[in-house]
Amino acid sequence: MPENKTLPDNWGRWGAEDELGTLNLITDEVRARAAREVRDGRAVSLALPIDPTPALSGPFAPAAGPLSPVQQVMLHTGIPVATADLVTITNHHPRSTHLDALSHQIREDGQVYPGRPATEVVTPAGVQHGGSTPFAAGILTRGVFLDLAADGPLPSAHPITAADFEAAEGRENVRLESGDALVVRCGWSMTPDPERPMPGITLDAVRWMHERGVSLYLGDMGDAHPPLEDEHPGALHRVALLNLAMPLVDATAVGELATVCAELGRYCFLLSIAPPRIHGLTGVPVNPQAVF
Amino acid sequence: MPENKTLPDNWGRWGAEDELGTLNLITDEVRARAAREVRDGRAVSLALPIDPTPALSGPFAPAAGPLSPVQQVMLHTGIPVATADLVTITNHHPRSTHLDALSHQIREDGQVYPGRPATEVVTPAGVQHGGSTPFAAGILTRGVFLDLAADGPLPSAHPITAADFEAAEGRENVRLESGDALVVRCGWSMTPDPERPMPGITLDAVRWMHERGVSLYLGDMGDAHPPLEDEHPGALHRVALLNLAMPLVDATAVGELATVCAELGRYCFLLSIAPPRIHGLTGVPVNPQAVF
Amino acid sequence: MPENKTLPDNWGRWGAEDELGTLNLITDEVRARAAREVRDGRAVSLALPIDPTPALSGPFAPAAGPLSPVQQVMLHTGIPVATADLVTITNHHPRSTHLDALSHQIREDGQVYPGRPATEVVTPAGVQHGGSTPFAAGILTRGVFLDLAADGPLPSAHPITAADFEAAEGRENVRLESGDALVVRCGWSMTPDPERPMPGITLDAVRWMHERGVSLYLGDMGDAHPPLEDEHPGALHRVALLNLAMPLVDATAVGELATVCAELGRYCFLLSIAPPRIHGLTGVPVNPQAVF
Amino acid sequence: MPENKTLPDNWGRWGAEDELGTLNLITDEVRARAAREVRDGRAVSLALPIDPTPALSGPFAPAAGPLSPVQQVMLHTGIPVATADLVTITNHHPRSTHLDALSHQIREDGQVYPGRPATEVVTPAGVQHGGSTPFAAGILTRGVFLDLAADGPLPSAHPITAADFEAAEGRENVRLESGDALVVRCGWSMTPDPERPMPGITLDAVRWMHERGVSLYLGDMGDAHPPLEDEHPGALHRVALLNLAMPLVDATAVGELATVCAELGRYCFLLSIAPPRIHGLTGVPVNPQAVF
């Protein structure tokens, strides 16, 4: 299957060694713009809370229900005055707020961004290029919240387009600039419901993000499952993440953010993303902070 | 063994249900003070980078060396266009920057803060009180960096006291106020070296933190291993964390911070700590961000 | 609490270094007796089948139900011509057939068999004495099946006594000799049912096992949960395993064995137990084989 | 790439649903032949002993060296009178004695035995056909030990052929019959040594196994790494396991067996393999027992 030449694409834009993708758009000027949004130090978490499942389901712990993204083991420390534990985390889980690395997606021709064979990059010992390493130290930029659910959740199977984003900009009196992170509320969760098809991001919306210079996408929803009937289903992962090299935060929690933005009448903030500083992953749990 | 009545103690100060400990000192005013430190959006990570070990050491991955704090498993996703992985994290590991929860330490009488039996609180299904839950959404305050190693690493076995902190305040022309986080550089790592006993925090230093109202301690070093010859060995964990209910960030990376502070001539910043939002843990990996 | 002097006890019987407990009763003569039971090479498994749960419950695998004793991770091998996986096993799980090591139980005075402090034996790096090591190479003896459920499951809360065992011996025309393994069917599973209290082994039954010289106990049931109203609740684990140092196989599958024994009219067989040869565990999954 | 028509092949021999492969050769008559080898109940383990690595490498356990095939976590049980643990096992590990399932290997055309697409059979939720399930209840047959190292280890890079097997038969005065398991000693371990290329099984040896009707292969060595210069490198895994559907036990321990066989002057025995009874795996740890 030939790659569609008309799809937006950033492969090669920042060189053959690049691992940052659209994070290259976050310049010193963008960071200074973010800094100017900080006034009283109020912070809002954009992560879903996670109750871990005990990995042990035998006689010493309750039998577990459906698996959490996190499993916890309480350890025998051998000393009565200290406690300790281990956690095992499923990096790509629909109930865990996580950042997708660029090498999470592979092109049909077997290549990963910005043009390397997946067979060399994706190894049993981790991702050698375009993994979590380039953003392990943290990401800071301006966040702009576009609330598509200000009047209630989007309709089932609604195809999200540029028009939805621009309508929100108009309502909120903001404008997304190059290097900003886009934070979206659809009023849905990422858990599929067979009765009610999800809304989702269309290729039209991805083209708009590309034109505006979005550095990072965060949303309570992204690609619809099942896919929308669209010219390019799964456009957020298959075009924005893969072709544009735009990192995504899946399963973002935006309810408290919506409340605070409405209360303050402000839809821009400093956005800080500081994952555990682990290299070589395909994705990593994050707790994005919106600071006002 | 009777508890030493003269040790500083916060048990009961914020009530019988409290789980925040000294984080209660972070008021709106403290947060606003932190916000005023943000000028150009430059961020510095205070976390050590971690190269995970592949959990699989068989024919498909290299044999592992000494264990990393993080083990990674690359997954068979069943589809050729996506990659995924799992990580297992040792929460208390001397090469992992992590936040100690209040219930990480138990008093000799079997109680955890603020006076509950460890047998009820610490269960095979996780920590029921004083675990990671109260800071899972994130912590934001002003950070003050006291660089005790500006002229080189502290001497071996040096007992760190209030005088060291106040000397640094004088050199840097800063003053640590109630609610601030204290970030310390000793110029040492937490990996024990049998040849060179570590420096460490003394009870005198902990008393000073208590008087100043430190909300949170971060340091490249904390308690010395082997313990210092001190009136109360292990004072950071056994008095500050346990008696004062002051959360600690073990194994903080402060090298880049020292460089940036010296370059800017500024030793205060907005400190944001946003761990993966997981409840019920005894400790959690963090990537503290100092924002200037 | 003083130890009950009248309870049967093997501490010291085989010396201060012993790790075999009642497996010492399996002499060459006992093994030869076992060998004589082998006629046509028919083998019956006494292990419950286990369907592992995928550890990954995200977008690439079905969400898991209640946790299995075994979790499986299918690995990315990096080569298209080979598959591989990892398993994580909960050693003491009521739906996993497993052998309890002697150090699985600790006396109220803090000692493990044959009189060592648990604080020295049970460490974060595994069990240093009386763990899985002494039987890791395998156990072979004669098995005797006493079918207490030949006429249907035992009544709810039935206290199993020596009389039950001797009645079965009479029905089956067998006699359990010193060194034999005792295999018991009660017609119950080890999963507690709040509506129907389980039957269970009494101290009287344990005394009988001691007098007969049982080397090893295997049963579909053992100690009742909730405990029987008995002179010594939990006698199988707290007296047979702990005081007598008699290894136990919890959650033994005996349905097929009952069918085969009835069909052949034979209730004795060669019993082979060959766990994965792993040292230092508190318990280990096993698949006991009854060979006729 | 067309499959080589002249390679020995059992695909289709036992039907389109078969999962047993050459285990189909173990008839009642073969089992009775195995039973006749049992005389005094002496058992020898053919598994390598495994010292597990503590998964926890932090302040409460020693830092780990090179990873073991097994990692152990000692658990906080919440009660002072019982201990428990978890193990994580790498199923295909060169220092772990394990049984390879038929679906461990995939043909270049993407099919697994006996002609199913790997994309359907090998899923993130385990192996759906030709995994550990068909031998989870246990395998019993006659074992024949061919000691190729009776006069010392095979020479480096020695290509093992039918002639080696027949010479051993002659020395030992045995003959391998249809349905028997073949147990081989080369005097080497499976850990590659760059200085000394391993000996290995050739296609000629595999053809001989096929003609004789070997049901199962166990050896201290199998395929050489690096591969022999052979007409078909890796013939044990790529022809015997994959084309013939002959399960393999990798990393078999044969030292004690060699001693016992020489002492008894007997090279045939009852072989019992009873893995943990876990379904759907690509491989499983085993502790084969040779019973005399």
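Per-chain numbering from 1; labels A, B, C and D assigned in written order.
To be clear about the criterion, a residue touches a chain if its C-beta (ideal position, glycine included) is under 8 Å from a C-beta of that chain, and two chains touch if they have at least 3 such contacts.
What you see is a predicted model; the values in this text were computed from it and never measured.
Enquirer: Going by the touch criterion stated earlier, list every chain that contacts chain C and also contacts chain D.
Expert: A, B
Enquirer: Measuring between mean CA coordinates, which chain is farthest from chain B?
Expert: Comparing chain centres, D lies farthest from chain B.
Enquirer: Distance from the CA centroid of chain B to that of chain D, rounded to the nearest Å?
Expert: 49
Enquirer: So how far apart, in whole Å, are chain B and chain C when each is placed at the average of its C-alpha atoms?
Expert: 45
Enquirer: Using mean C-alpha positions as chain centres, tell me how far chain A is from chain B in Å, no decimals.
Expert: 27
Enquirer: Give the residues of chain C touching no fewer than two other chains, as numbers and ranges.
Expert: Only 55-56, 58-60, 74-78, 82-84, 86, 88, 90, 92, 122-124 qualify.
Enquirer: Would you mind writing out the residues of chain B in touch with chain C in their complex?
Expert: Within the complex, chain B touches chain C at residues 55-56, 58-60, 73-79, 82-84, 86.
Enquirer: Of all residues in chain A, which touch chain B in the complex?
Expert: 28, 30-35, 38-43, 45, 47-52, 54, 56, 60-62, 70, 72, 74, 80-92, 97, 103-108, 110, 118, 122-127, 136-138, 140, 270, 272-283, 285-289, 291
Enquirer: With touch defined as at the start, can you tell me which chain A residues reach chain C in the complex?
Expert: 53, 55-60, 63-67, 69, 71, 75-78, 88, 90, 92-94, 119, 122-124
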